[in-house]
């Protein structure tokens, strides 16, 4: 889905290409319960709800302004399988159905607690984390190392052409690390 | 879908992240007839057939070895809405239903003729071109300029972490230009 | 040299890392006469004059405002081997000593004429072109093809960390193509 | 300097563009004593010795095979201001003159000890670290945070064109993080 389709505010929004790659790695399938934690504008949540076969998306976000934007985007796109969960993870996750897939766009410094909660609730949850900050990437890497978990780590850097008269100037977007964590089958080594 | 899932040969394959972005930009919708021209291993064709709501995918490819790989991948993934069209575009396109969306992964030097054929057949076709070579990008840009058509041009560069002992070394993949051409509504200016 | 050291205006400036790579590829040596055509702010010209062993740098620029900036930067850094040549290339090049090395940052649509002039004046001139626009890259490629010349083409994409509270967010800069053309020895094939 | 000019073995070598940017950020000036720690093939050491105004370069490397390569490259390029220091940092640094500038290409897991040693020996040393692994980047970031030091962090990703028949295919090189640490003036806050 294109960035221009979304209603935006002063909330940062995951860009189209990074959304596409992240959702592709999360691979929500038939009937999945999917979380978008740190949903921001709701672009990832809305795109997953509309374009994948998942069952229901829970967009978790603590900022009031962002939650309003998610609701407006939900209406704008006539999405009927998305619930806005206003509050901070992991606490606010207690009240919703357990996840099959989780997209982690923001963690407000509670990455560790959130990951612990997720795999405690459902050890088989696939998690995709987007890290735009080096500290977030380092925190995820540290967590994986401590728990002897493996993950796929890619960095996606996009440049977009901007028209200037007769020319197309390539403009660089911010690189984002996309970490995909497939927890091991129960009973096997980490 | 992950690259490791596909049966591969000596045929170059579009990588997972570039596939995800390309398919996202093509946005095949309910019932669409979709072409993958220069289908190669068939990774884009198979992923579109399996993961989007499109009606049917025609994977067009002139190399015998590649067509075999596409058929094997089609079986491997139990795809029932994909037809392999062995032969060279645009000639071989005469025998199949007109397209709603076209992904152009390879053009064997006939980019111009293929684009002409597509928009002659259905002027409203959205086309996404992948260009790994500078000459292909230049040829697409020249075509757009001559036909007064606008397009979105992005370049996607991915790096992937490779485990080496205790370390994760980032390895660069080849950058790919993804050009999305949305032809104008009939009766409006180009 | 760091970008913050230069006096800037509304003139676009080649960034530090792209400057470093471009100058490295141009490799001005002892006593070389070096041109910076389309010198803009003069950052490449000044950095070559100050940090390499070249003899003299001619900063060629047609915009009055940019020429003023180059002169101010020349004074600011106490550069004594840089001449500002105000006017349009290739015409204005007639009045200065022939080049050993040429850096081409901008060509105002006269890339072909400028390259012809350079190699007519001194067939052994090494030229490094910076292309931020796809059209410039295509034009250089076309020129090389027609003249059966080979070149090294690299694309440099830089991301820079910006501090935001406790975090370092990586911000993407615009990718730049750096084309290095080493003309063949006289009497050999192109 | 071009990668093809160097004598190489099975030792990884910092690529031309990353060398150029790293040396540009280190900015060795007149008479500087410069270290290249983890010198590998010696490409950075040799390029600094040959192309900058520095006084003397100490190439520190513990692998015997790599030290041999550095010596061969030193001879090949007729470098007379480069000393090979065979052994592990920081221990082996005790026997050489204190540094003005340090390039850190490899640290064999002793990054912390090496940085401590450098700034204990000369608090004003500018240090440039190349990190190809995420763990190295995380270790440097952690060190900076603990010592309340600021640094410039850039990531340089290069793609290079490879000729294939009539086409130039862009091939991605591995991204490298370049961290430049300018320690504060004595007596000022960190």
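Some observations on this one:
When the chains are written out, they are named A, B, C and D in that same order, and each has its own residue count from 1.
Basically, a contact is a pair of C-beta atoms (placed from the backbone, for glycine too) under 8 Å apart; a residue touches a chain by one contact, two chains touch by 3 or more.
Computed from a predicted structure; not experimentally measured.
The chain with its Cα centroid farthest from the Cα centroid of subunit B is D. Set against one another, A-D and C-D show the most C-beta pairs in contact at C-D. The mean-CA centres of subunit A and subunit D are about 37 angstrom from one another, to the nearest whole unit. Centre-to-centre separation between subunit C and subunit D, using Cα means, comes to 26 Å.
Residue positions of subunit D touching 2 or more other chains, listed in rising order: 134-135, 141, 153, 155, 157-159, 161, 168, 170, 175. The touching residues of subunit B, when paired with subunit D in their complex, are 132-136, 157-159, 161, 164, 166-175.
Across the interface of their complex, subunit B is touched by residues 1, 16-17, 19-21, 23-25, 27, 51-52, 141, 150, 152-161, 163, 168, 170 of subunit A.
Taken in their complex, subunit B has these residues touching subunit C: 134-135, 137-138, 141-142, 153, 155, 157, 175.
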